Structures are given as structure tokens and as C-alpha cells.
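Next up: the structures, one after another.
Same chain, two partners: chain A is paired with chain B first, then with chain C.
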Partner chain A sequence: MLRAIKWESWQGKLAGYGLLSLVMLLLPVFGISVYYIHILIGVFIYIIMTASLRLVSLSGQISLGHAGFMCAGAYTSAVISKDLGWSPWLTIPLATLLSFILAYLVAIPFTRLRGLYFTMISLFFGMAVLAINEVFQKITGGQSGFVGIPTLFGYSKTPYYYFFFALLAVCLLVMYRIEHSRIGFTWKAIAQSHVIASSTGINENRQRILCFAIGGLFAGLAGATYAHYYVVISTTTFGFFTSIYIFVYMMVGGINSFNGPIVGTTVILLSQVFARSLKEYVPFILAGVLLVFLYLMPQGLTGLAERSRIWLNKLRSRGGEVSGKGISNGAA
Partner chain B sequence: MDVALVAFVNGIVLSSIYVMVALGFALLLSIMGIFNFAHGAIYMIGAFVTYGLAHSLGLNQWVSVLLSMVLVGGFGLFLERFCFRPFAGKVFNVIVMSIALILILETFVVTQFGGSQRSLSAFLPGNLKIGVVSISADRIMIIGVGLILLVVLTLLIQRSKIGQQMLAVSQDREGAALIGINVNRTAAIAMVLACVLAALSGSFMSSLYYLGPFMGDSILLKAIEVVILSGIGSIGGVLLGGVIVGFMDAFLPLYMDPLLAQAITIGIIIAILLVRPKGLFGYELF
Partner chain C sequence: MALLEIEGLSKHFGGLVAVNEFSMRLEEGQIVGLIGPNGAGKTTIFNLITGVFRPDSGKVMFGGKNITGKSPHAIAALGVARTFQLTPLFADFTTLENVVASCYLYPRSGFWGTLFNTPKYRRNEAAAQAQSLDVLAQVGLKEVENELARNLSHGHQKMLGIARALAVCPRLLMLDEPLGGMNAEEIDFTMDIMQKLRKKGTSILVIEHNMQVLDICEQVVAINFGEKICDGCVADVRNNPEVIKAYLGV
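And now, the complex of A and B:
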């Protein structure tokens, strides 16, 4: 019986993700407009950002400067590929590696701080990246933007769509494996209590640095590919509020679930797109989503799904024995 | 010499404004334990209420500032009760709440007044000549009002009963509740005080510089810088922190590229956080 339930839930998950992927892959074939392809590519990039932020927060470190790594990745790849003429296929891995190293070096002193202090220093790190960027505006263009970045596939959108979808799938798979590996459990242990974690022999500092650095790696990757898709980048794209919005997507989706960032980013970005006829009133939609989240579903959208599943199961088994199936199904 | 004098006066003006905004931010942080990112938006709303009363209703500008302080203070009462109290202790939910507030307030102003930059007319027209330098009377007035307010606030916090209660709550919430301090009432008073100060400084700044829907974003970051410099939970330290940041903002751009000056300011803040996370005068809150 237990075996059957386990197998069933595993199959259901795979079928769900597979069906979703199939629909996403077939969308351009059935001819959705170029506009929506463009929007979806943006959603894919921001899902990578949000999921990597959640990876960082697994170890209990909430970062409000995550866009700083996106900025570092984007500008490294853009400047090298344009000014030195290297192929973007070479500069994207290079930029990813560099943001990993940057995140690693930065995390060494930053992990001295915990909790709200860590959040504050990460916030100022994000601003420092922008400020340094603007100091060197002869190279980077500063607020007026850096133009003429080489593209990956020319100017047709469909190849980009498949490229970013594949990139997203690979990134999410890697992050899922990391979260469910020994390292991921170590991080969760640190988040729950760093004292108990270190007393069981976990090198807390090294794990937190590693966690921050891996988050920086994915953010750098998202930034580098972003630069070669949008072709024009400016510092306003990676500002203070970008970091905060990524954080908000994560919170609305639900910080406790792996699907949270996917659901949160998609719902918020698409709701803003569908409401675009309201023009300058669009931010009210986002504010409404945030208020609904705060007052009605503090566990986020995925938390709400989880709760309703448990409730449905209870309803179904009312009178009979109460099964724990709904709970065991859930992504922890 | 003249440039240095102007920068000096600017430094005092900026310091007093920063202190007023940062004091509100620090009060909320230490008493309610919340990171109110919407503080900049409240500052902006205060300025726009003044603008609306003075230009659309044609009231005297001084009367409209007072009315704006009352209105925004009342708004603060509403915020504390319905927006922040339900999420007490959940730092990250409060951040989401303040983002929602920023979106609502800024979008409201953009839709009502448009996104263009404007400015309030001067509170005291005219210039004051000191040697060869002329300084607008507005700046002198702001320095005066700022100094008086700071003295009053320091006395209020150090001497009055409610000020002592605020200090007690900021040091130990449970302990304060245990000896019979009404923690929620203290938080509400702190919120009203913070909003009133923000409205006043917003109105003053928009008569000196400009008035726009996004003017609160930069002052918010300045307030956070001041609070980090002085230390979370240290209300006296905010005075010195505000003066340091204000003078750095006034003098550094004279001697170097403003962008470089900004990078250096942020670098100093990061260094202080790393070396002494509790700030120059504060104690660790968490």
C-alpha cells in the first residue's frame, strides 16, 4: 500500500512536469504571437533568478542584492563579447564562472553576519555593484545603457524560446538535485539552527559561503543570457528594486516549496502582462496580488495548493479513516 | 571658500533632513522590529499632500504643511493598525507589505499628478547674503526648524514618559510588556511620529529640490545608511550618523566625481557593517 502511494505520487509529479513542458514546447508550433514568446522568455529568465534566490535562502540567508550578480554576469559577458569580439557561447560560461567566484569571495566576509544584518549587507552589495558599474561608465555605459551586444541566434525569437526553455529546465533540474542532496539538507539544517548544525559537525561558514556562491552562479548565468537576448542593457535593469521584486516573487509563490518561485514569478509577471491595458494603473494589480498573499495565504500560492489538498483529502475521508496521503504527497 | 561655505550650509540642511527621516525609520526598526521600505513613499506622500493643499485648494503653504503632517500622521495610525500589526515578528512579510504600500502610494500619485517633476514654492522667499555668497532664506529656515525639532525630539525621547517607554520597548519587547507598558500603543505613537517627521521633511525637501513620485527612493536609501552607521536601536546615534552622511553628501561631490563619491559612501557602509555590525553607537537587536 505504502509502496503504491509512493509510486503514484512520483508518477503524478513526472506526468505533471512532462505535460507542462510539452505544452510549453508546442506553444510556438501552434503559433502564439511573437509578443507572448518575448514575454515568456522574460518569465523564464526571472524564474531562474527567483529559484536561485530561493536556493540561497535555503540556508537561512535572505539576500536583497541578488540582482547584483545578474548585473555582474550580464556586463561581463556583454563587454567581453562586444569589445574583445569573443563568441557569446564562450563569454556566457566565463561570466557565469566569474559571478560564482565573485559571490564566493564576497560571501567569505559576508557570512560573518546573520539574519537581518546579512540582509542589509546584501542590499548594499547590490547597490555597490551598480555604483562600481557607473564609476566605470566609459566601459559600461552606465545609466544610458550598453548597446550593440552580439546576439546568440540573430533576431528571430523562436530559437531563443527553445534555448531559454532548455536552460530553465537544466537549471531547475540542477537546483532540485542540489536541494534534495546531502548539501541541500545541510543547508536546511543550518537554516533551522546554526548552533545545532555546527554541533553535529557541519562546517557552517563553508556551507553558507558555498550556498551563496551557487546562488550567485545561477544569477550570473541568467544575467549573461539576458544580455545576449535583450541586446541592450542598462544599470536601471539591475537596480535595488529588481532584487526586491525577485524576493517578492519568491515570497508570493511560497518559500517552502520548490515550485514556489516558478508559480510566483509566472503568476505575477503574466498578471501584469494581461492587465497592461490599464496602463499606468498596472502596479495596482501587483499591489493587489501582494495584499491577497499577505492577508489570505501567508504560505504563498503553493502553500495554498498544499492546504487545499489536505482539506480535500479530509473531506473525502470524512467518517472513514483519515489518511496521511495528502501530506506525504507534498513537496517538503 | 565660497564653495566650501555653500557646501557647509548644504551639509547642515541635508543632515537635518536625513536625521528627521532616519529617526522615523530607526524608531520603527527598533520599536516594532520592522523594515519599513515604504518610509520613502510616506515622505513623498507628505510632500504631495502639501502640494495638493497649497496649489489645488489654494491654502497658505505653512497651513498646508501642518495639515499634511496631521493627515499623514493619521495615515500612519491606520498603517500601524491594519498593515503592520497583523505581521508583527514576521520581518520578511513586512518587507512584502511595504513593497505593496510603495506600489500603491507611488502609483496613486503618478495617476493623480503625472510623473513629471515639479516643486513647491519657497516657504520663505528671498536670499541671505553672507559676504559674497547668497543663501536662500528657505535653507536657513529649514536649519532652524530642524534644530528646534531635534532638541524637542531628544527631550521627548530622553525625558518624557512615552519616550522612556519607547526606549524600553526597543530594548526588550517582552520585558517592557511585563512591567505594564502598552507595547501596541507605543508602536502606534512611534509610527505616527515617524510619519509626521517624514511628511515635514518631504515638504521641506521638495521646496528646495524637486517634487516627484519617485523622490522617496533615494531618501529611503539614505535613511538606511544613517541607521546602519549609527546602529540599529540607537536613537541618539542617529543624530551623529545623519550629520556624517549629510556632510559626506555635501562635500564629497566637490572633490571627486559624484558617482565615485556614491561608490565610496556605499563602500564605507559595507565596511562598517562588516567590522562593527551593531553600528557606531548601537547594540545588537537580534
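And now, the complex of A and C:
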């Protein structure tokens, strides 16, 4: 069976993911503090963001405006539910759908560009969303923020914890499935060579639009649910730095592994909690971390794990046949 | 009616005339050679036929349909497959994955069918994979099916390029220097494959510097500086003074 679309191997990984899920589900039962529940909810939301950014990168497109879709989703859901009085349970799917449509529409001109040029235009898109937000500040509240957003479960944090955990699990499952099916396989082919891909009948432009739009959908979903949990949102939450940060999370975790965004987001956000006194220096530190990772381990933490596993296998089977494959394959 | 008919095809890059008023015909079931010195415009003609470039003027007809200016994926869907001279493959995929990825036009189940892993999707994928293995067996790459394409030898990479093109089930196969850098044994093997494909009804348009390939061509088109200098059966072209002049520069 093919390595790149080996959906079946998921069953083998089920044990690992299941165990991790069980621990996460039991955490509130064993009484971790409300503060940590709050932190973990943030981690869940940002894992969705980072994983969807990585989904977009599968087709070779690095977006630096991903937080723009989070912003669109958050404000759409917040404004409709507060000003029109609709239930958040209705506005969240609506905002998700609208983010998808927005991403689809902007992708039509954007995907005409490739590589660095695509990244640049996506960066400007992220900024444009904020600027548009300012223009309509009568509705959105502008820089002073948008307050009084209806909640999903009142003000107790535990239901949110379970809600966001379930949301994260569903999102990751869908993204895993997309990546390990013909859809993701085609995207990976396009990332390697769009000329060859289109010579075999792949409508690469349409596939790249679809890829970008699905990424936008998950970002919009993360933003919409974010708004109903934090209750107050402002443009600073979805600014340029957010787009850059999730990019750093992705690179630290490892861009070639599905687990990369999970590992990267968790490690960085939790270490930020333990180094709260350094809060003002976060941009500098993360920039340094990004540099270190790009130079020393471009495959990220998950790549490191993979490498050490291969190394261990080599030690074990010393003298026998050694397989050195699989370190730097983009399709793993 | 000819399978491929090109009339008055021209392409300029700035002031450079890459292809000028180029015309040719390819009958169904033929192997046609496209020869000419470096920079003569052979690969540009390939790119114009397959839609990578848009011609400035002229017409490309394939199977009676006008395909001028269509996008590459639409032209591929009509049954035109090609190989590339340089990077001919998806370097980070294995040999088998390269071919399976190229089976894109194979029956598929749409977005939702794929997402929900329906039985139909699984059947389609299994069929695509079976066909890919078949193609790999045809071109003798079966033993390296799980190697990463980037680690293959040059000859194997060239062969994989052909296998990828065959996965599209083409009516017209366009090969851009398939013999370049191959050893004598590989050359014989590749020419053998080309002849077998012709027997099965696949037409082939081949760019080549290696004149050995002319032995299996029905027709040869020679170009220089973007213009056709001669067209006809192999013996005629070989003895054409213009061709000799273009190659020897006398």
C-alpha cells in the first residue's frame, strides 16, 4: 500500500491518540486548576489554526495571512449573534461557511501567484482584513474591541474544555483524512511540481484554490468558537503577529509531520505559561527560536523524533541491512 | 484525418522568434521524430502543443478538436501525455507514488466520496494502483517501486518519466529527449518500449538528439531557428542538405 495515502495505518496510531485523548479528557476530573483549563483551551484553538495552516502548505503555499480568516470568522459570528440575537450555535457554522467562501474568492486571484509572491499577497490579505475591520468600526468596535458576545455555556470553563477538545478532535480527524487521501496526495504532487502535475490532467489551479479555502474554513471555525469563549475580541488578537506565531508553531513542530502542529503549538504555548515574566520579549524569543529551528532542524521537533528513531533502529540492527530512508521526504 | 495537426504555429519571447510558422502532421499510430540543433525550438513546440505556453498565432488540432490555447490539464484530459527533459518526476514520492499520482484522470469519486473513504473510492484507488503496477512492469521499474524517485539512477528517472506519462493512458505520447544520458542497453530497451506502444496504437512524437531513434520513426521533422527546414521519411531527411548544414554548420 502507498505510504502517502495509507489511511489504514491510522488504526495502528489509534492507540496512541486514544491514550492521549483519555488523559486530556480526565484532566478536569482530577481537578487541574481553572487557570490551566483556560490555557489548554487556548492551546486547542491554536492547534486548529496551526494544523489548518499546515494543510494549506501541503499544496506548496505558505500563507502569512492565515489569522485573517480567524478574524473574519470571529467577527462574523460575534456581530451576528450579538446584534441580530441569533444563537451562537447557528452563527458559528454560518461564520465558518462564510470564511470558506471568503477564502475561496480571494484564492481565485491569489493562486495565480506562486511561492514567495503568494506568501506576500497572503500577508497583505491578513492586513487588509484588519483595515476593513477598522473601516466598519461602528459595527466591529475597531481597536477598542467588540464586547458582550453571547457565550456558548455561560461562564464555567469545564464545558468549554470538553467542547473545544471535541472540536479539535473532529478537525484533526478531517484534516488527517484529507491529507491521507487522494486529495492531499494530489496537493503534495502539486507542491513538488505544478508543471508535471498539470501535465497529468490535474487542474492545479483549482486544487490550490480548494486547498486554501479548506484552510480558511478551519481558521474561520477556530475564530468563531474563539469569540464565543473569550467574549471580548479585538483586532490585535488576529493581527500580523498571530499569523507569524502560528507559522513559528508549525515550523517548530515540523512541517512534514501531521503531528507537527500539535507538538509545536503545545510546546510553545505551554512554555510561554512557565515563562510569564518574559512576556514582553515573546516576539524576540520566537524569532530566535524560528531561526534556530530553520538552521538546525528544519524538520522540527517531530523530525527530530523521526531521526532519533531511525538512528535507534540503526543501532539495533547494526551489521544487518540498514534503511536510511524517510528522513527528508515531504510525503511522510 | 491526422491525429495531430499543427498549422502556422508561432511564438515570440520578446524580440526572439522561438517558433515561426511551424506546421506538421502526425497520423494515428505513427512515431514521428522532431530533430534540430540545441535552441532550435523543439521543446517550445512541445510546450505550445501541451498548453504550457500560449501560441502567438497558429492552430493546434488534436483528434479533430482545436486545442490551441487550452490549459495543460484540459489537453492532458484529451489524451496527450508528455515527459520533461529536466526534472521529470515528483522527487519526494516513491516510484509507485509517482505513477499513482499521475493516474489522476482515472475514475474518481469526487470530494465527498474521497473524504468519507467510500467503497467506490477504495475500488477506484485500488484500480489506479493496479494499473500503476502494470505500467511499472512494462517499463521495468518494478524492483524499485518503493524507492524515493530522487534516489533513482538517471536512466530509471527517465524511465519513470515515461511511466508517469503512460499512466494518463494517452493517445499521443510526447517524449522530450527520452534517450538523453542513457547507456546503450537502456537506449535499446526504451526504443523497444516505444515500438511496443506503437503496436498497441499509441502515437508518439519524440524529440531526440540521438539519431538512433530515427530507425523507428515513420516520419521526421527537422527544425532550426524555430523554422521547419525539412519534413519527410527518414532517408530523405538524413540526406537533406539543409539538415546537414544545420548540424555541421558548413
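Assume the second predicted complex is superposed on the first by the 289 of 332 C-alpha atoms of A that agree within 3 Å, B and C clash if a C-alpha of one lies under 4 Å from a C-alpha of the other, contacts with A are read in each partner's own complex, and residues count from 1 in each chain.
FYI, contacts are C-beta pairs under 8 Å (C-beta built on N, C-alpha and C of every residue); 3 or more make two chains touch, one makes a residue touch a chain.
What you see is a predicted model, and the numbers here were worked out from it, not measured in a lab.
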After the superposition on A, what does A:L97 contact: first (chain B), second (chain C), both or neither? neither
May I ask you to decide whether A:G201 touches chain B, chain C, both, or neither, giving the answer as first, second, both or neither? second
First (chain B), second (chain C), both or neither: which does A:V174 touch? second
Which partner does A:R182 contact after superposing on A: first (chain B), second (chain C), both, neither? second
Which of the two partners, first being chain B and second being chain C, lies in contact with A:Q192: first, second, both, or neither? second
On chain A, which stretch or stretches are contacted by chain B in one complex as well as by chain C in the other? none
Per the contact definition, I'd like the list of chain C residues that touch chain A in the complex. 50, 52, 71-73, 76-77, 81-82, 84, 87-94, 96-97, 100-102, 104-105, 108, 111, 114-115, 117, 121, 125, 129, 148, 164-165, 167-168
Seen from chain A, its contact residues with chain C in the complex are 2-5, 7, 174, 177-178, 181-183, 185-186, 188-189, 192-193, 195-205, 210, 325, 329-331
Tell me, which parts of chain A touch chain B in their complex? 62, 109-110, 112-117, 120-121, 123-125, 127-128, 131-132, 134-135, 137, 142, 240-241, 244-245, 247-248, 251-252, 280-281, 283-284, 286-287, 290-291, 293-295, 298
Interfacial residue positions of chain B with respect to chain A in the complex: 35, 37, 86-87, 90-93, 95-97, 99-101, 103-104, 106-107, 110-111, 217, 221, 224, 228, 257, 259-260, 262-263, 266-267, 269-270, 273-274, 277, 285-286
